[in-house]
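Structures given as structure tokens follow.
Each of the next two complexes has chain A plus one other chain: chain B in the first, chain C in the second.
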Partner chain A sequence: MDLIIFYFRKLFTILKKEVLVLPSRVVVILFFLFVLLLPVLPVIGNDPYMLRIFTLTCIYAIFAASWDLLSGYTGQMNFGHALFFGVGAYSAALLNHHIHIPPWGSIPIGALVAVLAGLIIGIPCLRLKGTYLALTTLAFPIILIGIVFAFPDQLGGELGISGIERIARSKVISYYIIAIIMLGLCTIMWAITDSKLGIILHAIREDEIAVRTAGINTTRYKLLAFSLSGFFAGVAGGLYAHYMRIAGPSTLEVSLSFQVVIWSIFGGIVSIYGPIGAVFVLFPLLELLRFWEQGRTLMFACIIILILLYMPDGLFPWLRDKIEKECPRCKKRNFWRRKTCRICTAELD
Partner chain B sequence: MKKAVGVMVLLVFGLFMVFGVPAFAADTIKIGVIGPMNFVQGQGHWNGATLAMEVINAKGGIQVGNKKMKIELIKADSNEHLSIPDATNAMERLMTRDKVDFVVGGFRTEAVLPMQDIACEYKKIFIGCGAATDAICTRVAEDYDTYKYWFRMTPFNGTNLAKASIAHLMSTAGAMKQAGLNIPKFKVAAAIEQAQWADGFVGLAKAYIPKLGMDLTGVWRPSANATDVTAELTAIQRSGAHIIYAIFSGPVGIPFARQTGELKIPAIQMGINVEAQKDDFWEATQGMGNYVMTSNTYARDVEQNENTKAFVDAYVKRFGETPTYTAGTYDAILFALAPSIEEAGTLNSDKIVSILENRVFKNTTSTIKYVKDSEGRHLHDIQFGPGYSTGLATQWQDGKLKGVWPYKWVAAQGAPEVTYKGIVPIKIPPWVIEAYK
Partner chain C sequence: MDAPFLDIKGLDKSFGGLRAINNVHIHMAQKEVLGLIGPNGAGKTTLIRLIMGILRPDTGSVRFRGKEVVGRKTWTIVNMGIASTFQNMRPFRRLPIIANVMVSCQCPRAMKRGEWVKKIEAKAMDALEFAGISDMALEDASTLSQGDLKRLEVARAIATEPDLLLLDEPFGGLSPAETDLMAKSIKRLHKGGRFGRLHSEGPAMIIVEHKLQQLMKIVDRIVVLDFGTIIADGPPEEVVKNEKVIEAYLGQGGV
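Right, the complex of A and B next:
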């Protein structure tokens, strides 16, 4: 009993001193609660339409965060990220359709195939940077679409592979499985960026030569970034295939690759939480705009342009800067109304 | 205070938009019309459905048991050309938010398949008016209990589309013979766009054209978006082809037709050219598309049966253009659903399915009969052939799109001869006559 009380007290202390002191952390807690409690929320929880929207939102959140891990943190500008998503989707679909491997097996194996795709792309792209890298990566999903069309009997051609097993019969259970995977994977991605590995990846983005001078094998780290990003995007693709029950050429389309870039830039790159938040805003927003079918896409584009015009670093970093201040001395973040830093007590301007 | 009121108004508006408008009209039959509404195919879906609704509601509605129920259409933009999740979200919305009784439409197969899953999960009848893939109907045979709610209305499936194009080829050769051209053995050049849907036509051309006693001079695969096909056309001209078997759904149909006319290639162009089905083809090719033939669904002067003229005239009057096959939503609502609902006396999907799959009825283009596969399983696909769906071939003749097939068409020995009212003979381009006379 005492032990339980001890842990409760510890939890309360952490909550009070580490979480509640920063609005951004409170928002993250609220986000977790929202995602986990969504099916029991009044109105939304009983609505399969809303549940479908948020299930797809969770899938795309993993996808967007995986792009940020590679292109945001490591600076490897990938304009063909749909390749990983498509490879994950097709692999999971093929394994399930032909070998009858259930989703819990086909999705991770599909993700590993996407890792392989990440390595295959990563190796020839290692010598490229910036625009050249972006254009080269753009070509890969297009090549794969060509392969899909070239082998219609095996890969379903234009129709894709349909009739795949559902993740779960119940929509609520499907949602929970996908939402928990999303929360888990996104936390892992955030942890990666906050680790030593994340610092190295970030450093490669800022100045690769300096990192190499420090004796770090950047090639290995860049390949690792491609593989990790491919894995997470591959999981998203596998989840998509099993949720939609189809893996088709649309999972490899250029528009999907650009969509993930738009989500990430809108939310704020080099943050992980930015792209996730952006998907949670933009994907339901597009549905919300269905009240004006003709102008839906136009209005959507206008909103994005306006946000980027006034918040060039993305929506969420902008919001974070509004509610939090960085200490000029210790660089720790503080609630915006504080006069002194909560850590070093330095004056906040 | 003002700011707070403003925020409240915005919140209420936001919630209203997110959670939607509740359905108030209980005495109407709700039909969802789903398609890419910002594209020509979706507009066809919506226009056809609108006309059907107006016809039915003008008569007081549909008799369901002992009460008359009017039709209410719910528009759903599937945006399926650009996003498959958008299409499935739209279908889910129709099912759960709008609570429709039936759905018509759909176009891109990759979107129709998951949309079909959703509609069937909610046990709502979904009548397809756009996707031609055979596989969509095969699902009905393979898992009848799940997919029995799916039916096809337009177009007929890909296999029959290919059969029809071969019939058009034979008629074209027949017309050239009748014109007294000195051609001992016909040479056919196949120009088939680079697209997967068209790949089957390559095999078809290689397999069937020699069997028809003709020579296949070659197969050319221009890009679906090509703007210049001079190289292909020059090669076709050098091959000595008398007929160009062209299969195009993309914009390449325009430069191909225009440049064939400009080069005065002594060959007649037939097959499938989606651009040539449109009213603005003549202007787009600056008149150079004269004599181009294509498979088609409607032509202004052609009456496939007694229902065609009223529909085509009303469509042209209302929307200023000839209907395309996605306007088959008109047939789906007026001729498939309405009488089946009246016969069932209920909106219960299972009862309507068992009535609809056994009905033989006329729509605006043909007589519809739902076929079974070789094992006797229901496919909910439409019967192709004389007396049933045949489609048309149309030809541009001096600025007008004329119906030219079926003209005295005999599908097989002993089969009835088919000629629709308004069909005219195929015209051979004067430069072709001059070259081979």
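Right, the complex of A and C next:
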């Protein structure tokens, strides 16, 4: 009993000393709570339509974060990210449809196929930079759509592959599975960018030649970034196929590739949390405005232009800088109303 | 007999019609400190980039401890034990200074050496301490002054544990006081000064520099380049008296 009280105290102390002192950490906790409690929330939770929207939001959040890992952190501008999503979706669908592999098998295997696709594309793309890379990557999913239409019997052509197994019987359980996978994978992606590996990836974005003269095999690291990003995007694609019970050419479309770029830039690239937050704001918003068909794209465009004009680093990094300031001495972040740093007690300006 | 430490033979490099490096031969012993001087555009930086594999020579060979370097990737060359700094500093501006060095610390050569219990952060701190900017470890590289950027370049290079260090104008843009400090660091490094216990013997060096007075105090030998050709090679005192060098580079005033 005492032990339980002791651990409770400890947990409480950690909460008080480490989490509640920083608004961004509080927001992350609130976000986790929101995602996990969504089905029991009033208004949103009881509505199957809303549940569906938020399930898709979770899937796209994984997708957007994976784009940020490759194009944001490593600087390998990928305008054809739908390729990984589509390959993941089609592979999972084919595996499930033909050899009846259940979702927990078909999704990871599908993601590995997406990694393979990433390597096949990554290798010729390694020499390309900037605009050339962007244009080349744009082409790959389009080529794949051509292949899909060329083999209508195997790949379903325009209609796609349908009749795939559900992730779970109930809508709520499906949501939970997808939401927890989303939280897990996004945490992993954030941890990658926060690690020693993340430093190398970020450095490659800044100056590749300088990374090479530091003795780092940049080719290997860029391929690693392609593979990791492809894996996460492939999981998102597989989840999508099993949730929608169909894998169609829309998973490879150019608009999906652009969508992820817009989300990420809106939320703030090179942050991981930015694109995730952006998906959670923009995707439901766009769905809810469905009744206003003519106006919604226009409004969407206006919002994005406004954000880019006033917050060139994206919405979420901008917000974070408003509510937190960095200590000039120890570089730790602090709540904006504090006068002195919580760690080193230096004066904050 | 051991293979020569560094052996550059018949190196040529043209950019379009311009012959930036013209039949260069340099032979260098281990533990030697070589000064490389010459007027602007003589091809000093180009020579360093050729050794590092950033550029490929048209003909010629560079052998390091008997192994051919030409044709290898830059990172392989670094892991063979050659490191260099950039004349126009190229830090990762948006990363903190310590992260800049942590990139170098993660190269296979650095990972294999040194105390394996030491974390990469600690190794990076060692290099920063050596270069004298450890107090700014958490600052973003974009906030550094010219002199500190030069120090960061040196820290990044020594973090790869080189046996041959190529310094491209380490005193460029530094104030006299900063220049003295940097010269002291370089001497200390060559003597095997404290950089962990790793450099029990300091690396050999090639130092490109325009500030001759400081350079002469450090180097054992000077090579003079003009229009990509070596016009003099010898001890500092002899080289500064050489007719051709005075005409091409030093002018009548001498040093």
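Note that the second predicted complex is superposed on the first by the 347 of 349 C-alpha atoms of A that agree within 3 Å, B and C clash if a C-alpha of one lies under 4 Å from a C-alpha of the other, contacts with A are read in each partner's own complex, and residues count from 1 in each chain.
Following the convention adopted for this analysis, a residue touches a chain if its C-beta (ideal position, glycine included) is under 8 Å from a C-beta of that chain, and two chains touch if they have at least 3 such contacts.
Because the structure is predicted, anything quoted here is derived from the model rather than measured.
Asker: Quick one: classify A:287 as touching chain B (first), chain C (second), both or neither.
Answerer: First partner only.
Asker: When the two structures are overlaid on chain A, which partner does A:345 contact: first (chain B), second (chain C), both, or neither?
Answerer: Neither: A:345 stays clear of chain B and chain C.
Asker: Touch check for A:214: first (chain B), second (chain C), both, or neither?
Answerer: In the superposition, A:214 touches chain C alone.
Asker: So, A:13: does it touch chain B (first), chain C (second), both, or neither?
Answerer: Neither partner.
Asker: Tell me the contact category for A:131 with respect to chain B and chain C: first, second, both or neither.
Answerer: In the superposition, A:131 touches no partner, neither chain B nor chain C.
Asker: For chain A, which side has the bigger count of touched residues, chain B or chain C?
Answerer: B
Asker: Using the superposition on chain A described above, determine whether A:53 touches chain B (first), chain C (second), both, or neither.
Answerer: Touch partner of A:53: chain B, not chain C.
Asker: For A:158, is the partner it touches chain B (first), chain C (second), both, or none of the two (neither)?
Answerer: first
Asker: Across the complex, what residues on chain A touch chain B?
Answerer: 43, 47-50, 52-53, 56, 149, 152, 157-160, 162-163, 244-246, 248-250, 255, 284, 286-288, 290-291, 293-294, 296-297
Asker: If we count contacts the way the header does, which residues on chain C are in touch with chain A in the complex?
Answerer: 52, 54, 73-75, 78-79, 83-84, 86, 90-96, 99-100, 102-104, 106-110, 120, 138-139, 156, 159-160
Asker: Give the list of chain B residues in touch with chain A in this complex.
Answerer: For this pair, the touching residues of chain B are 14, 17-19, 37-38, 75, 77, 79, 82-86, 88-90, 92-93, 95-97, 109-110, 113-114, 117, 133, 135, 139, 195-197, 199.
Asker: How about chain A: which of its residues touch chain C in the complex?
Answerer: For this pair, the touching residues of chain A are 196, 199-200, 202-203, 206-207, 209-218, 330-331.
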